[in-house]
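Common to both upcoming complexes is subunit A, partnered first by subunit B, then by subunit C.
Now for the complex of A and B:
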């Protein structure tokens, strides 16, 4: 994982409002956060370095969320991926789980809900690493 | 996403449970299922077993089985579906926690149903209240207008489902420009759930479409077209909005924004919103 002592999180959602809400709240919780609206840029970033936790939307232009999460897990199997989606279907939920996501959250959700899931994912990451 | 499914013993509630299960199967939402019983302070619970003292606990257990059956093979995310006991929580509330990986909690509250449902929505931080309604009348007891009153009183969105109807069109009555991201996300989930087409309805004020509403309509339309959702646009005068909503077909889902910033809230005082929700043919999604 990273050399920083902070848990690192990458957020990818093509709707800027999601990162605008999430990033400051997660930074306030002590996480190191990088946000992306463009899936190809996020893809380039995960190939450069690994993150402890990745939060990704599914339905985006360019690289879709499923391809992105597969690439993340391929590059760094220990990274916990949380899928957030505004167009949830049973198939996308099942496929996400098959691909090893930590959790699947449909929008809308409250900030507290994703913060709680991230806390659990962090505990999982720490439990495996230490 | 957190769903609150409010039920009584009528067939429309069973239908609403099935539809809530479909939504839950797609979204893996945390679910609270709520029944409301009459206050029966005169009963000495020590003399009765729980199922006789609180028959709604049995109703909820039956609906839980229906819910899990409708979710299908993935139902284990809501726990093994075993018979979990009800216990007291926060004074008058009875609760059975059947959760698995995702939350599935059964609760019984007592008192006025509309107030109890609105209170539960606040207490459990619900993103959406789902409840069933019979055609052209609210149901929930003779002469009752519970769905309409819940739609009026809840702080969160409320989905009032007509029995045995699968919406084929979602009509979003856009009367203002302050549309929240959360409300669009709920519409997205409904459109996805039903494979419904979307109609963005702009509301004319004094015969004209306000500039900000027109811009928002364009933005909303673009948002859906970018996501491959079939969407159409139409306009309706504010004077005929109420009749437009009332005349929606059985297979329509009317999405209405009722917020302080919404002119619709000013056009339709609380009791008329409640009446509209109770008597419309269409299912109604009240957004905040």
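Now for the complex of A and C:
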């Protein structure tokens, strides 16, 4: 139960490099992080437990990002979702998903940028708790 | 009806205005070339920027970048072709070749240079694909001077491919491997079949000749010593995550006569059953099986062994492990003999914390006639330590240096010869497991205990963690005093720190841009670098030990061991497949090989990268414009004229859009009709700044310096081809300007100066290039002048390259944020150096002139 005080984050991206790089950096900041490359596994996991923050890509095989997002929000409305997607698909992503998404980041992004967005999302989650 | 009328009108007017329109069309095309050229450079810079480790990128990004950069260069070629239709058909051929190489990299078919062997001393990090990781690291060690490395050469991956091709091995190898994968054949059987095919193969003639040539060169370098060789595997893709340690064969004490056989035996070991299984496990493609071989001159070792720069058993203890034995090290590496062991502190003095001396009854020695065997050790030596305290310390220092250089703990094999010389035989990354990581999960708690000196500010040029004593590079400080492993702290990032970056653990500057030259060099050496941290020079104290974590943009007081350890265990972006792929792609995109427009390779066929193509097009497009005053003698209208100046510089200005006042436009019957332009009519701010520098008091020497007869004669023997412009243009000084662009081609005092300056709309992509060549005097004085230019341009933060008497200086990004200042400075420089080489009678003159010049220039640049 040592992790219960930490803010929990789920990362979903079908290219492993994203979470491989992101997870240790976020852990260093004191977050509890779980990574998934496969959207159906991530889907199963969010049905088991809720996360404070979810970071997900949009274009993936199997369950697509939209469905995944809907499931996350359905299961746990308080969860903040951050969408990371390729630069080319950014506008459509923003267009169709304006509602319910905390922020969007175009890939490739700097580590510092996503850390900043996550920090803001965390403040938001904590704020709502109070 | 109306359309028809317009068509007729156009038809009728064509004759009258054709030439005028062709010229404005030409300017339009040139503007387009400029724009696309700048876009190409911006894309390349942005791709390069991803190497800093601060970005997270995936394959999708790499595919997209390839599309974008290739598409832009393609457009650039088309825009240039509109300026000079059909003149350089080879450009498109070269472009297609480079693009298809990029595509094959993305399809996991590495592009290899067509070369058979390379001397180890000439190998650099970028030759990794050609020579394999093992040889590349030895080459880096040799060229960086970090430690003694064996002399020898690498037989390349291309040589392997040639061997496979000429012996028709690809098909049968594939067949046997497939049979093994299908379960139709045992691994041992398939391996045996493939190996005998390789051993029966003939070494291709080209490779055989290259091998004997390199052997001969090696013999010459070694002098009298009898040449004995170590022939080792150095497979492609062995770096980073995947290590094939111990899966391939090495051969020791090989007679040079038997090199060809030993080479084939190493190739055959590519298909040992464990290596085959390993590749299957890690999903290697057949196109990724590439065996390079390293051939090294062997020294009969007195003692050899292994160093782990960080104990993998107890990484948190911050100690290193050294093992050694008498004779050659192979039996120690394989665990066949007892070894002396030393546990040594990683810090400062490298104290020995633990020592255990074993009984060493046998040692591996050279066998007369070739190969090696175990021999008894003299009774007097069996229980003696094989390393002296001095040697232990030397090993510790060397291992720490290599660790700093390669940014990860090292597993290093070494040998001492009878004379006590240390040679590093091989070094590779030591994997630190998660064993001591109990506290790792709570690193964030641990970090809270360390005082933070700087946090949250700055731009990351290179990711990573570095610790060491602070060295504040205040103005004029001697950089030779920089301590190995120090943290460089400076007000500004500047290329002048390039020479010490490979010894630095980290860099923090108050001001600087991740797009500048220093950032590029920091990335090359992977030195954690934080720029624009604003208060670094005020907060960080000289000599104080600090730990920089670029990832968090934080500097901690003291040595934060936990952070360093965490960094060691991390899979860094630099060690991922995607990162290495980006590096390989950039090799086809970024390096500039077309340096000197007069060099024989400055042709369309000589373009080896996309950058080369952009460079070539830029140069040739400018040449077309420079030609206009000659080509338009027929009286074609042309916006421009001669600039009236208080100094005798006959400068023709050609405006391609927005560079001159509107009062200069139109109605001009060609440049030959001496239209005069007044300095007030110049709208181009950069040209105005240049003129301001050039015409300052004391800059333009009013009395021509007497040219002595021998100087003059030596100039006569030099061709004027050093101009970069043809003979037809000698004597005509020309400025091509627009609102954002300035190109100057000047011939003053028998030397040729080219200045190319671009000011980007938001100021972040500015660039200034300065090129200087030729001269009236002999080689020595010209080289003194080159030295002078090098010194002063460096002082003003240009990145400078000198080749003989050709000087090329560049400033871009942050360094070129104030183009007006730089152009004023270059104005002073052009005036000052007009006939400088004539007065360069001795070396002392270089520095006397430097001081005088810097005084004038600082005054000018300041205003």
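Note that the second predicted complex is superposed on the first by the 115 of 130 C-alpha atoms of A that agree within 3 Å, B and C clash if a C-alpha of one lies under 4 Å from a C-alpha of the other, contacts with A are read in each partner's own complex, and residues count from 1 in each chain.
The working rule: contacts are C-beta pairs under 8 Å (C-beta built on N, C-alpha and C of every residue); 3 or more make two chains touch, one makes a residue touch a chain.
Keep in mind the model is a prediction, meaning the values are calculated, not measured.
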Checklist entry - Counting only touches as set out at the top, which of subunit B and subunit C does A:111 meet: first, second, both, neither? => result second
Next on the checklist: According to the stated criteria, A:20 is in contact with first (subunit B), second (subunit C), both, or neither; which is it?
Outcome noted: second
Next on the checklist: Tell me the contact category for A:127 with respect to subunit B and subunit C: first, second, both or neither.
Outcome noted: neither
Checklist entry - Who does A:28 touch here: subunit B (first), subunit C (second), both, or neither? => result second
Checklist entry - Between subunit B (first) and subunit C (second), which, if any, makes contact with A:77: first, second, both or neither? => result neither
Next on the checklist: If I apply the document's touch criterion, which positions on subunit A are contacted by subunit B in one structure and by subunit C in the other?
Outcome noted: 15, 17-18, 86-88, 107-110, 112
Next on the checklist: Using the touch definition from the top, list the residues of subunit A that touch subunit B in their complex.
Outcome noted: 15, 17-18, 59, 61, 86-90, 93-94, 104-110, 112-113
Item to check | Of all residues in subunit C, those that touch subunit A in their complex | outcome: 50, 54-61, 64, 441, 443-445, 447, 460, 463, 551-553, 566, 570-571, 573, 576-578
Checklist outcome for this item: subunit B contacts subunit A in the complex at 1-2, 25-29, 72, 74, 125, 127, 181-186, 188-189, 191-192, 226-227
Item to check | Parts of subunit A lying in touch with subunit C, wherever the complex brings them together | outcome: 13, 15, 17-18, 20-22, 24-25, 27-30, 86-88, 107-112, 114
